[in-house]
Amino acid sequence: MHPFGHSTLGEAMIRQLAIPVRRQGLHDITKRVEEEARRAGLNEGLCTLYIQHTSASLLIQENCDPSVRDDLENWLNRLVPENDSLYTHTTEGPDDMPAHIKSALTAVSISIPLIDGSLALGTWQGIFLWEHRHHAGNRTVIMHLA
Amino acid sequence: MHPFGHSTLGEAMIRQLAIPVRRQGLHDITKRVEEEARRAGLNEGLCTLYIQHTSASLLIQENCDPSVRDDLENWLNRLVPENDSLYTHTTEGPDDMPAHIKSALTAVSISIPLIDGSLALGTWQGIFLWEHRHHAGNRTVIMHLA
Amino acid sequence: MHPFGHSTLGEAMIRQLAIPVRRQGLHDITKRVEEEARRAGLNEGLCTLYIQHTSASLLIQENCDPSVRDDLENWLNRLVPENDSLYTHTTEGPDDMPAHIKSALTAVSISIPLIDGSLALGTWQGIFLWEHRHHAGNRTVIMHLA
């Protein structure tokens, strides 16, 4: 664990976000990221998010209708099911290898421009942590602002 | 809409590209991005593209043989078909939920280094906006240069 | 080929990494990237990797158990098989069109924050070049540090 954080390093351009994750699926982190970005006080710039895991990923998706998130999750679960006889890496549970595959198909880092001090998200875009395991606990997302 | 643009903010390192999109598929935006990058006058740097939508994406692909683009499009349409009985989000048309899934499987942001004032694309690489809906209209890509 | 490199341009923030690739699959480039990043002498920053090809990609994945890599490779080969009757782009060999599709589904660029002078990789994360062709030769990854 690195000894930094926005309370001790006021002007650091790197933030470490601990995201509590209780279940598989999409977790909206838009407000949290927006708040940190605004606090940085940059007018124009680039916000890069990086997730430090190989069984969860980052996703920009529709922020409005929850049925989009449900369908997305169900579709990916059908494409990458548990208990596929192809898997040899099975010691960490039936949701482990699917989680690695899902993370390979989705994003580990995303860069969002900052305009007028805010993230340049489209009207219908939210930022999500996509958890691919059933019982994950905490996930860490590193945020770089420049 | 943000009140910026390269005509009013000559030295802004952010550009907003409006991309007219008439049909589903890959739209080559290489020249447009290259032109803007060169105009910025940076010798070395990083060009980040970010698309403000959840049913279109960014793609670096083969710039030469159009059959690659056709096969890519047809393959993804087969993987993520319309009218799949799994979808519950159906009110915005049969191409809407497939478009969200396709965008989740592809890139929302791409960062390309600048070398000697030009994008460091490989010989066979072009930059594409991948439209996943049939009748999209205009798409917005934000370009950040640093 | 651009006339740069860390021997001639000591303070350049761009590196060109030539990666010898002998077979399809995941090639671990973590040490190589870490070494270059440390050599840059930045305390905090962002390391962006960009691969100049359309039939190989970049991947952050589990760095420990090789069975994860095998399963990942086998799963993707099953999803995107050779000799699919859908392909029309077949002149460059049976592994060519699958390679383009695989590269479209995975990352062409990845940005990793630098903290305390090192890449902020998670404990179980390694950086891989994912080669999608059988006989590729050398691949080029551009590394941008800022």
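Going by the order they are written in, the chains are A, B and C; count residues from 1 in each one.
Simple rule for what comes next: a contact is a pair of C-beta atoms (placed from the backbone, for glycine too) under 8 Å apart; a residue touches a chain by one contact, two chains touch by 3 or more.
The structure displayed is predicted, hence computed values, not measured ones.
**Q** Cα superposition of chain B onto chain C: how big is the rotation, rounded to the nearest 5°?
**A** Between chain B and chain C, the superposition angle is 120 degrees.
**Q** Looking at chain A with chain C, do both copies bring the same residues to the contact (over half shared) or different ones?
**A** Mostly different residues: under half of the interface numbers shared.
**Q** How big is the gap, in whole Å, between where the Cα atoms of chain A centre and where those of chain C centre?
**A** Computed from C-alpha means, the inter-chain centre distance equals 21 Å.
**Q** Please list all residues of chain B that touch 2 or more other chains.
**A** 79, 105, 107, 111, 146
**Q** Under the stated contact criterion, what part of chain C meets chain A in this complex?
**A** 44-46, 59-62, 65, 67-68, 70-72, 74-76, 78-79, 105-107, 110-113, 115-116, 120-125, 146
**Q** Mind pulling up the chain C residues that touch chain B in the complex?
**A** Its residues touching chain B are 2, 4, 12-14, 48, 50-54, 79-80, 84, 86-89, 97, 100-101, 103-105, 107-109, 111, 140, 142-144, 146.
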